[in-house]
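In this document, chain identifiers A, B, C and D correspond to the written order of the chains, with residue numbering beginning at 1 in each.
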């Protein structure tokens, strides 16, 4: 079906040799110097660099470097291997991502379609630099729509009884090469076992300004509490319900005139904008997680 | 001391004969017609009128009417007495406020001065159409500053032991003609007995986006949770801590770079703006309270 | 094609007998009383009512009343005819809209699809209570997509030479029963003759915070000026380019890091949200135009 | 007079040895490596570092580094002298600022006091890490208030005839050691000659969202244009009226109900918040100017 023109199919040749490096380590003198010298000596040109020290006296240090290196794909294994020495000196956790390799997304959805539609639309417009590898749903509602984009749709029903079995099937269809799972208003709780497989790689959109209104029916809760502002929160999923590291939040003003249905309507736009931003930042390797908080560069 | 020129001392003659009417009653046909006909027949000209029906099928109806009536002060008693008949027909709770009679405020403060300073400054600039009758504090820090405006400052220390006695003294200095009490970062919990005297007439500023971060040290709570937006909430004080009807809220975006001290600094500006708005709306008779929610016209 | 389920096809039965009345007239005593008494005496129940007086001393008065009247469709002609007397007394311009009769929209689009997609999506989600009667475009890009919703797509090419002829054809396909025309990033200037046919009924989205950056390439203009906030403006089209009455505006913060392409990307979300709000308000009869300004109730 | 307790009098000992380095140069490989290596080799520990490249292919590169160096005051001359070599290699414009040396501000004001009051209040609260060396005004209104803080107040009247002479006197009282001039609603146009002395060191607050509503009476202009959002803009003063590099902007939503007086009232809070932010960023050496734009780190 050709009505959906995926502008993403043409890869942008300009950043073919660009990589991103994420580093977290205890703060100390000389880290920036060591990293930038290392990159310079290996022929890389730093395009963008961000640092943050949580607490100058003995806290954690976080860094994100974006650099260009001619023949990156060819040189990357050597670069990574050489960097080990620097990393060990400073006790770093680190990763280098080749931007030419697009991240692969699996989107989980139930019946509410707005977040899924937004992601598909941004992807199609070329604003989401990733591959949407599949959509997984406990319902069939969105099947035809998703498949019209040429994206596989896996319908895996979930009931209280079949939950473990359903998660097994989900892990099976996801396989080995999915980088991040997006819960785009997927209305099932994910088990600790599943979460363990994708630590800091499952992004959920919660339809309230967390930590206000944890749990079910947050718009009804917001209406009953009479708040003057509602919001949405994108966060990584952890074992604690709606308690994982917050990636992004946004809000909008409401009034006494807005009943629950209107709050939901307004909220839908906040949800899709907030989730899309969080996904974009994740696939651009902008997010570092430390304990229960995020550093977003 | 003449450096503080209170522009409020000159009363604005233009709205000498203006009144505001607030009405709450069960919804039903003919209310707006009855009220507007009543006012028209009594020679009043409606300048502004707002209505809201909570639930068209059997819910509550709220109305605020601002009107001009020549020789208002003279005619008001008669008007109120005549209106009783209309009010009884529709089972109304209602009030008429003569705008020429400024509301009298008592501001309670502890050590943090920013909310008090903002209120004094807006009052002095003529933006707060009320009389600040006194400031009450459990500390002496702001005494000289407040008195430089010619405003009485009552220092009433509060300790765990002396609390009931302190509240008795507070009620004593407040006396009989205070319309509204503003807790401008007053860091003491008000007793149910005290609240009873000023039901829906005590406005507090809570330094978080309620219902997130109820209780003490909300900025530290916000920092620990890693929220991306912080806020402040002005609400009427009820027996439930930080649980009263919300009048106004506002927020600002923060990032991982903002430590607790910076959150407090940013928060101070949100707090003073939000509290000042809530106070302004209260003294302009824009707020109706129903159960635990506000209607703000 | 059934993948697009238009939830709008089922009309909501609850508001079958609801109407909206818009009034503009010189201010004077007794208008609200006269209107509300009239409606009450004709058996209507006022559900919502808003007034605004531009200048209490001799200015214009604006009113919007939403009311329920049993058997509305049957009684409306009589009601309108009876109201003439009230209207003449106060020199009113006025209209009554039966909410059961959905407004008919024609959407004009060129190549950029985001505003059109948003309107179609909100319409499909049941958030836009109108009929999208047709899409008109000077390009064929969106033809297949639009037709997949069952909406007619008229491709009318426009060149400098063929402009008058193209507008004639546009007026022809629009015919007699289109209530409002939406320029959803339609990149052609509308002629004064065309505008005359649809005075205050053509809504355009301009991709800047007007009156900043009138004319072409506003994001490039914004980048060059180095603004820290960008925006979008929905307005009625008048003979003056980007100079018509503003309906709605919104903005988002940007930084020096955001180049023109990123400003456009951010702007697309602002544009679609702002345009959708303006269209919603128009079809809910919330907008009154006076000279070059709007009153939005 | 002791009612104003300037918490700024006690210098914070924690950052005694902290400096900030600002760099602008044509982009090229190895800049970050060279700078960070230089600092590391001289015993400095980088606390914070930000970079930005305007256009990766041959554009400008901007960098701000905050570092700690034991015995900074003692070692700074040597450090600066050694850095010359690095700077020449990359053709840098650069500066190093010792944070222990507070910037000295001169605030210019006319009759509107809100921006001045905000700056004084933030300074007094310890939120503005600078010395307010003097206030200069063409009126006497604020004299007593300013002097109550122990700050010299220079009254220099300005008329069309005496302007050049007035500017001479202003430059005279300012003398040689003022770092930045704040126009806190100073309603006189500054001459090109004066501007030349303080290139990118005069900060003005314009009471509109520039470039909308350049020139006089912007709130009246905004009211007449019927905008739905108003704003304020802090910018460096250049020869072009209201045309200098924008530092910060903010906005607030308004409606048709807000007349010019209300727009002014709302605007006053935006103005003071925006100006205070811009001043804070300037004194924290966060702003680099390139042509007519700012990079704010």
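Some points to look at:
As a working rule, a contact is a pair of C-beta atoms (placed from the backbone, for glycine too) under 8 Å apart; a residue touches a chain by one contact, two chains touch by 3 or more.
Remember, predicted model here, so these are calculated numbers, not experimental data.
Because chain A and chain B carry the same sequence, their contact can be compared by residue number, and over half of the numbers here are used by both.
Taking each chain's centre as the mean of its C-alpha atoms, the one that lies farthest from the centre of chain C is D.
Of the two chain pairs examined here, B-C and A-C, the one linked by more C-beta pairs in contact is B-C.
One finds 43 Å separating the Cα centroids of chain A and chain B. The centroid of the Cα atoms in chain A and the matching centroid in chain C are 36 Å apart. For chain A, the set of residues that touch two or more other chains comprises 52. On the chain C side of its complex with chain D, the touching residues are 52, 209-213, 225-229, 231, 245-251, 255-257, 292-296. Taken together, the chain D residues at the contact with chain A in this complex read 29-34, 36-37, 39-41, 45-53, 56, 68, 253.
Per the touch definition, chain A reaches chain C in the complex via residues 2-4, 113-114, 117, 121, 125, 127, 144-145, 148, 265, 268-269, 273.
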